[in-house]
Amino acid sequence: MLELRGIVKRYGGVHALRGVDFDVQPGEVHALVGENGAGKSTLIKIVSGAERADAGTITLDGDPLASASTAAAIDAGIATVYQEPHLFGELTVAENVFLGRELRRRKGGPVDWRAQRKRVVELLDRLGVDSGIADVRVADLPVAEQQLVSISKAFAQDARILILDEPSAILTDREIEVLFGVVRNLRAGGVGIIYISHRLDELAQISDRVTVLRDGQVVAAKPTSELTVRAVAELMVGHELALAPDRPARQFAGTPVLQVSGLTRVDEFEPFDLSVGEGEVVALYGLIGSGASAIARALYGVDPADRGAVHVDGQPLRLRTPRDASAAGIAMVPGNRAVQGVFAPKSIAFNLSTAHLGFLSKVPGWLDRARERMVARDLIDRLSIRAKGPQTRVAALSGGNQQKTLIARQLVKRPRVLLLEEPTQGVDVGAKDEIHRIVSELAENGSAIVVASSDLPEVLGLADRVLVVRRGKVVAAFGRGARQADVLAAAAGEAA
Amino acid sequence: MKLPKRDTGALEYVLTERVVLLVALLAVVLVWFKVLEGGQYLVAPFDAGYLASALESMVPLCLLALAELLVIVSGRGGIDLSVGSVVSLAGMAFGFMVGLWGWPLLPAAVGAVLVGGVLGAVNGFLTAYLRFPPLIATLATYYAYSSIAMVSNDKAPISTKPVQDLSALTDGVKLPLLPAIPLQVFTFLMPCLVIVWLVLTRSTYGRKLYAVGTNDVAATFATLSVPRVRLSAYVGSGLLAGVAAVVTVAQFASARPDAGTVGNGMALPAITIAVLGGVAIQGGIGTVGGVFVAALLVTWLNAGLLLAFEDSKGSQYQLLALGVVLILSALLNTLTLRRYGRIT
Amino acid sequence: GCTKKTSDQTPTGGASGDEQITVAFVPKLEGVPYFQAMNTGGQKAAKELGLKWIQKGGTTADPGAQTEIVKSLIQQQVDVLVVAPNDPDSMAPVLQEAKDKGIHVMTSDTDAPNSVREVFVNQATADGIGTTIMDSLATAMGEKGKFAIVSCGQTAANLNSWIEVEKKVAAEKYKNMQLVDTVYAGEDEPKAVSMAKDLMNAHPDLTGFIGQCTTSAPGVAKAVREAGKIGTVFTVGLGTPQGMKGYLEDGSSSTSVLWDVENLGYLTAWAAQKLAKGEQLDESNKVSDGIPDAKWFADQKMLLLGDPLQITKDNADKFNY
Amino acid sequence: MRRPAARAIEGQELALVGVLAVLWLVLGLTTDTFFTAGNLGAILFNVAPIALIGIGMTAVIVTAGIDVSVGSAVAVVMVIVAKLIHDGGTPMPVAVLVALGVGALLGLVNGGLVAYGRIHPIIVTFATLNIFRFVALQIFDGRQVTGIPDTLGFFGGGGEGRLLGVPNAWLLAVVLAAIMWFYMRAWPTGRHLYAIGGDAQAARLAGVRVRRRQLFAYVLTGALVGLAGCVFIGTGGLVIQNAGEGLELQVIAAVVIGGTSIVGGRGTVLGTMLGALLVGTVTSAVTLLGWPSELTTLFVGVFILVAVGVDLLRARRRGTL
């Protein structure tokens, strides 16, 4: 029903799409996968009218979809959930869901608040979300719930074509299950669905067809049944993947590098104890809103704990700001890359050195620019960040390379303790492996590492120990080689 | 993964490097007036001597545009509407110290600049620590400072003998091969330009300022003290306004309580020059070079327009020219960003 | 600027020989009828006396703009530069610069006493203006009652000097009159109106206003008219005849005190020519039919136009500004 | 943290009502003239133009825009309309239409450049602040307009401009504010203004006609500037070159005191009306109490800080900024 032919799109010098053909049929889930920067989001933005293609045609039921406006696409029955939630903090959930397509008391009349509210409650119930939030300001909601609001917004449109750009990136497995249920219902109702995800294991569960993009071109388009996860991954990166070798758990003795006891933050997590040894990787695994990230943030002094003691190498710390943490050798790679991480319009060198200005100056207060460039060049090589050089702007990098830049920032000066929050969120498989390799290397060189993640395979592959966090409490601990099912069950609250 | 290609054509260079564009514009303006002069369309020669003496009116404006550079770069809607009032109030303080209390020049000048710094610190505290939107905080202090300046000497200017003698600070200096350039260009403007340039491009503080202005959440995660950096941008703005106050008092041989707010005031032209110089309102972007060339451009364009008309039309066309240049350069920004995705 | 500026005239510069003398006048700001009238007078003198009169002013009344304009005139090498300074002391340095370039410097309308000016053309003395205004107001109010002054720029030196005289005269001569407040509306007519209304509300027994400048004089009259207090509240001010005409007619303004502004322009041009030619001024000068007796005070280097005029509804139409 | 968002009256508005009540009470007790029809009428009339433009400015600021050109725009409207009714004897309905049309046209220039030229609103309007002033000066052509008849007396501060003692200008502002308040609260396109201010990109993706709404906000402001121009001309008199200077800051002050967030996405017209009243009360109180008029701006500055500071405190307690 929807057909794209020869779509070309350039951003300045970047050739995001170079002649892509793509189509969706009614009652089909068509998955779109590819490395970071392959052009997936760009493609769907062109369908949804958010961007205009430089060349190519889009037809819906054989008629050209002419104007590149989001309003026109919505009118044509195309609903989109974008990668980043696009919501209005000052407006309520109900208003957000209907914004742009308000229900009215009569044609040309005022907004029908009551009818809107009723529909929203239905929708939220269907998605398994507490429908009490209908009148809450969106700014007061946690990110995951915001993402769900954003999804209900698309569902509210009763669209013929539904586009989901990485809806699962910040959802928990349980939320994803509910989402898939709703998607399957829609498919049964004849809706055509475009589904973008980096979680390749999801594809078999939900999709009927898979199109793989690489460098803005289609490299494969096949029924899901003819593909394996491994085959898709290899198509994405363009070479065969070596399986990550499983390594044995390491043993730790002596004083721990990081020692946490009784750490508490009201309403977020309860007294929390942890000790991490030299070279150890400990994962805090939890579903969204569990408090795992909140613990990491507290250890970095961003949202400081109310009570509790933290020691690094036996020294007690007072963690009120990230500066306190940094002074004690604690570094953090935050979870929200765009907001908390990068200085997008600035160069890689700028991004790397900003956290280490004291370290990179010969005369106090004055920057040693030669050294800065040298360090940047070195890290670009070591982490194989794909960029022309230290002066390349971070905005011009793909998501994965931006994430590597963020990690590189913490390698300028080797941290004693490294906190990572969702280190591979929205990162493609190739970059993911590289990031895991870098983290392991850091551990081997003696840093203590804490990973807060809701990506179960990542947690199990990376960590020496996994602490499962639920409702602000550690509910279970696993060693290396734990079974996925056990960990997930603990996190979801079924076991224990 | 494909690397973004960058075709480094001349057009892209001119458009994305704001200083280059402005220098080109400046050349156009100078050549244009030269041609007009040759065709005898000007009432007086548009020569080096005239351009040099026009620098006198550039000095305070350029100083205040530098002040705006600092606060706009600091981000989160950074702007300082109060600089004109700070000029008035710090100028009155200078007038009191020199003209009524008989302080020697140097301590008085330092004192006035410090008064500016304190007034800037109030703005900075309001915006950085109490998190007032800068437009609001500085609108409020614009009102408050101008009122205090007015009350300070019961509305009267201070122009006692010592204040009148200050105008020696702004005499023209004759250098070999050059026309007489107002002294304050060397004694006040150049040092400030160099210091601000060094601080912004070579110091770690400059890095912090650009980082905070670009993304303050990320700056917090990168262990920067965001409020302190912002506060100091406003202090810097106040200090520069204090310098502008000293220059203004000296130039006019009189400390006037409405020096920086009379007419359209000094803040609006200063912001205009900063923006023309490529300082981006959203923060994190802007250079000293751009601001300096923009100040030159506006000054010489204005000076030329005054010679293009025998009567008062010249000062009216200055308004038009400023508005049109501002809109054109902003349109050019939009186009450049759309086409090349960046601008400096 | 699309017309040739220099080709059709003799080159300006150096006032030697029989060359036409160029006089440039920089008003406080351009476009207000007051300075427009000065321009008319200056142009008239230019035609009759054979000199060239340039009037060039800024769009706002600020010393910075004035300085830039003075510089462009210095660059133009005019023979005589006449300034009506917005701030007397602020102009001193740039006037010095003009003198250094061999240009004769004068002031007119407002003086810059600490500057190098060689002549100040004064429309009337502060004593003359202040006393006339106060006398007119006293006559209108029957020499008793409360009154208020609505002035303009808070720092305007000549307005403030007139206010001083008015206060002195009121205290000495009109014991039954009481000044309740002096407020400053800036050069803003609507604000003068609203401040005058506020004053009437604050002092219900107020019966008189002085509008101290050409925007507040019509402002206070308008306030009285709008408040419906014509006949109970009397206003006197420094308004231009045509601007005040309507108010003079309906009685919301009793008298406007001014001087013949065109004559002031004429006298300024005349004096400038004398100065450029190096001729001495007499103690009393017959300048034209309209200015039979302009007094020269050599000690103050001041040339006085004469006594202020009282403009009423009967003579307002004699002036077309 | 989970609390219903939609409330009929915002906290800021309640706070302002409280502040106004206290202020009025104190003024009523300390002066015997505050609660007189004349005084209240004068305050309402004085704030009417600010309130009128403030209605549009609220919409503009809610969309995360700003318009600093309104002072110059009002000058353009005023000189055109003043010349029409003075020279051409244009009747009131036509004059009002012209005022609305000219104002809207100027708003269209601003809105067009913001929405379609994608230039930051503060830059656009800084530029047009200069350009509109230039246009006004060209139309003035060196002469201020004097002797304007009272064609627009309906809008003015005189007896003709009052209904049961209340100025028509204020009534007009109240009616328009009520309409706009309801529109921004209940109409989809009115809600879109908030969405645009919250996140213009997201609004676009949701199918909101972002550019059309932005254009609307600026054109509306322009049209209201036209009405404000009619109020300023009012009973006639004169229109001078600096008309409207500094008006933009007064309007913005009223809007932010009224609780509109300068970064967009939040604010109401009701708050703006209260903010304008507060500014008007403070201004007239200074005169009423006989304090030096140069203190007025100090108080306005302090009120801005207090009003916005209270709002900030509440926002912080609510945990969002």
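Letters A, B, C and D mark the chains in the order given here, with residues in each chain numbered from 1 onward.
In this text, contacts are C-beta pairs under 8 Å (C-beta built on N, C-alpha and C of every residue); 3 or more make two chains touch, one makes a residue touch a chain.
Chains and their UniProt names: A = Sugar ABC transporter ATP-binding protein; B, D = ABC transporter permease.
These numbers come from a predicted model, not from an experiment.
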item: Chain of greatest Cα-centre distance to subunit A; value: C
item: Euclidean distance of C-alpha centroids - subunit A vs subunit B, Å; value: 43
item: Cα-centroid distance, subunit A relative to subunit C, in whole angstrom; value: 72
item: Intercentroid distance (Cα basis), subunit C paired with subunit B, Å; value: 34
item: Sequence positions of subunit D contacting 2 or more other chains; value: 133, 137, 142, 245, 294
item: Where subunit B touches two or more other chains, by residue; value: 150, 155, 264, 312, 316, 319
item: Touching two or more other chains - residues of subunit A; value: none
item: Touching chain combinations (by label order); value: A-B, A-D, B-C, B-D, C-D
item: Footprint of subunit B on subunit A - complex, ascending; value: 11-15, 35-37, 215-216, 300, 302, 321-323, 325-326, 332, 334, 339-346, 350, 353-355, 357-358, 360-361, 365-367, 369, 386-388, 392-393, 395-396, 398, 400-401, 409
item: Touching residues on subunit B, where the partner in the complex is subunit A; value: 1-7, 202-208, 210-211, 214-215, 217-225, 284-285, 339-342
item: Subunit B - residues contacting subunit D, complex; value: 77, 79, 81, 126, 130-133, 135-137, 139-148, 150-151, 155, 264, 268, 271-272, 275, 281-282, 312, 316-317, 319-320, 322-324, 326-327, 330-331, 333-334
item: Complex interface listing, subunit D residues touching subunit C; value: 31, 33, 36, 38-39, 42, 45-46, 133, 137, 140, 142-144, 146-147, 156-159, 161, 232, 234-243, 245-246, 283-284, 287-290, 293-294
item: Complex contact set, residues of subunit A against subunit D; value: 48, 50, 70-71, 74-75, 80, 82, 86-92, 95, 99-102, 104, 110-111, 113, 132-133, 135-137, 139-140, 153
